[in-house]
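Structure in structure tokens, see below.
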């Protein structure tokens, strides 16, 4: 280790694509699920394909409890767990930034789509393309973000990646890559900024 | 106060447009400058027009010290100070989300522009449209974000709002409004989320 | 929002009086109970009338487990939930300040009563007038504070508001109002104070 | 140390009376002043008598900068420094609780005085009895609280301990003692409370 | 309390030896177990002798779930609970420092033993002498550290205090004493250090 | 990045040996000195050889201000800056763990030396081998730890690496390597531990 010089800070997190399909029911959004699934320890984001049907017990957002339900036949899922700086306010900011980045990816892959972000949701025209939640476990913060791949199985009017002719794996690769780069550059930015004096 | 019911949390911050032009030199990015300038106490963002010429002493980003300098003849400035949850990592996330939102405003006001975000910077084609820094005072976190209004006065190749036919005041109104809404919805989101159990 | 100027920070919390009687058994002191009961999201305090009989399972203070029990036929209850800055030490300070403020209200409404505060409890002569606990949920801090309205139903010698000829609703209105004002002025105070330099 | 059993937590802070008079000018409210003055390391509150004349440079509350000045010929001063949990919001709560406790001491020593608390200030009738500020150093939080002993030397209408026939040393002893007891009981309370489950 | 001067901060924690044997199964590593067992409130470390057989449900380290099990016929146990500054990263540092200190005690009592530390474990030659875990409860951080007294009952090759001719009680007394002293001196060190200026 | 799987968390910090001699005067223990000296951004520890003469202005430990001075003709220096989790209490724990690890290195390289640790200092017999301080900048925590290479130039009785026949570079390589490994394993440990339930 001695003698090693890097101009950048150590990588801030690890990204990973899961090959196997996983039916998401909300129980995946728990502490150490990524560790159990992949063996990765520490801050990490995984992506995978699979159906979505969140049970009432696993709904983290209380606003969803009396809603139409959270379901889709096929979604592209992202699960992100952070063990460093686990505050819920920071987690929600990470979630919003992830949504904003997903919109940027969408615009790069489908430039003519009428896509927009509303809070943590992405819409295409009148159709809701994504779902998302940020929450806390006793030892970490957790974020789920998912986009419809197909139109079927959802209880509300939705948009989907297939209609936009976006390949799910390409979208995943792009969003994972941009998120790792952004977290890395955030860590570097924090390490290079001077504090401002109070007395002047 | 008794009997009052609101479905939403109290406003998370205050936004304000400053009518007078202010030549930004970096000293504005200090604790309580907004309070001294406007009388607003607490988390707030102000916007104003003015030249930009940051002195070496006021450069918060150490990466800028040996750079070409930070200057422009006319910019649209945003200064944001937060007294609650002042951690630097959160401040950098707020800054990135602000940049992403600015890009969204830009796309709404100039849909055909080839704009993109790189970290906290916005580019239009090869031209750099914005500058930004997030830092900490002993009592608060501080963010400066500014966009070139005109092309003149900058030491590097830049883009500007005039070339994009974007009215600066309209841009300011839109970005201030979206930022307040986003912070408000973040506060509500945090208050409505259930924690995930570790043991299940 | 643009152009709005306020000399004060945004309201720090919301206060609300619940008209219906609620039998308090300790389960009300949980995350999001106020949200479920009133639709209010964010930092808030509610007040209501009702019996009190805390079950063993719901006792947050371990010191109470082997005690005479916590019960009264009619109490004036206050439940306070904070989602911002949820540390337990701060919560206990908020609780103590609430008790001190309650004593100040009591003295304003019943100037000749021999009332005093001991930690988080208020006594009138030998009789215990109040009960209180501060605790933490995974996403918030929680405070319960309640005063006997009548003398009956308690396992220990108590004082009560009726004997002091204090109207419960008037007491509630006054304590809710003072607490909101105090939290508001605390937020403003924090935003107006300069840090002190170390090197001089 | 082995075998020692205490039913209570370790003392939370140290209190100390300074015999010599000190002319308070604001520079005493800095990190490690108590250590330099007394040799006490760690969380501590000291009390002393002396004139008060705060210079502009030392005013921590920005609201005072354009005010009538902060001065009195003789005051009873309290300086409190905390190295554990140094957040400014907690410091302001400690300050408010200190003011509330001072009012309780005042009522015990002068039961017929028309005293009341407004935020961090104590009034007797129309006269302002006290001044106070809470601030932060880079390593600690700091509180100054002081009461007029005499009426002379103040730029505004004041009340004073002499007119209330209150002995300054007795007041100091009582407030120091109650503050140490309260902080001790707060530490114990925090260590005895169970967290509330979210899922029930 | 007035007039008391101490050159040192208040004691940072309490140490206690439990005379009775306790069969450790992991359930002892929970919030308030020390309080229930001893009546001690606040930051504290207790030590005791007893068998060790940790159930799957109580294993805090996920790496142990598929391991050979955690068991021994007789161990010297240390349980440490901290209510102040409960972050998990700090808890792991406390745990490592405890292991390092245990190694120092071992070398003082058995100078010729080939002992070494690997993370939170102590080895003597090829034999594992100790087990340890640091975790978090909703209100505190918790550490378990234990050394084999005898060789029997363990699922892996172990070392033990008996083979090193080390008396368990003497070891306990020494480690408890050093830990209390170290935490005390850490508290004092934190209270005596000046912050470093950024602008120079 | 997609598809990458690591069983371990990302590296927690960077270590670096500086070839050139640097005369340490205390000004090196400031925010971003490592960045300016090496270009490394983020949590890092550097080691170098050089004289030591700390000026009064740069003494961070107030206890040293009236002492015999801090000086030596040749020392092996370690400077450690952390931007993540910058609390001073954690910094002092890191410092103590560094001292304990340095003692372990010393015993590996000089098994017969009568070395011991007292807080953050290492002694060999009656001679003080090391000096150390942990402090905070506005954006980071900072640790200096240094060992005498030669006996000359110190104001007190010292021990030195030369008398112990320890090569300074070998010592540096070993301590840097162990510290990086320990921080890495601490990060992994934190990411693998389950929280303990309160209610059971």
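Chains here go by letter, A, B, C, D, E and F, matching the order in which they are written, and residues are numbered from 1 within each.
Note that in this section contacts are C-beta pairs under 8 Å (C-beta built on N, C-alpha and C of every residue); 3 or more make two chains touch, one makes a residue touch a chain.
It should be emphasised that the depicted structure is a prediction, and the values quoted were computed from it without experimental measurement.
Q: Using the contact definition given at the top, which chains are in touch with both chain B and chain E?
A: Common contact partners of chain B and chain E, which must touch each of the two, are A, C, D, F.
Q: Provide the labels of all chains in contact with chain D and in contact with chain E.
A: Where chain D and chain E share a partner, that partner set is C, F.
Q: Where the centre means the average of the CA atoms, what chain is farthest from chain B?
A: If we average the C-alpha coordinates per chain, E ends up farthest from chain B.
Q: On C-alpha atoms only, rotate chain B onto chain D and read off the angle in steps of 5 degrees.
A: Value: 120 degrees, nearest 5.
Q: Centre to centre, by mean C-alpha position, how many angstrom separate chain E and chain F?
A: Roughly 24 Å separates the two chain centres.
Q: How many angstrom lie between the CA centroids of chain D and chain F, rounded to a whole number?
A: That gives a centre separation of 38 Å.
Q: Round to the nearest whole Å and give the separation of the Cα centres of chain A and chain F.
A: 38
Q: Of all the residues in chain F, which ones touch at least 2 other chains?
A: 31-32, 35, 62, 84-85, 88-89, 136-139, 190, 192-195, 197-198
Q: So, with touch as defined above, which chain pairs make the list?
A: Chain pairs that touch: A-B, A-C, A-E, A-F, B-C, B-D, B-F, C-D, C-E, D-E, D-F, E-F.
Q: For chain E, which residues count as touching chain F in their complex?
A: Those residues of chain E that touch chain F are 27, 29-31, 59-63, 85, 87-90, 92-94, 96-97, 100-101, 103-104, 107, 116-117, 119-120, 133-139, 142, 182, 185-186, 189-190, 192-198, 200.
Q: For chain C, which residues are in contact with chain E within the complex?
A: It is residues 62, 88-89, 136, 138, 198-199 of chain C that touch chain E.
Q: Which residues of chain B touch chain D in the complex?
A: 32, 35-36, 84, 138-139, 194-195, 197
Q: Please name which positions on chain E make contact with chain D in the complex.
A: 1-17, 31-32, 35, 38-43, 47, 83-85, 137-140, 172-173, 176-177, 180, 187-188, 190-195
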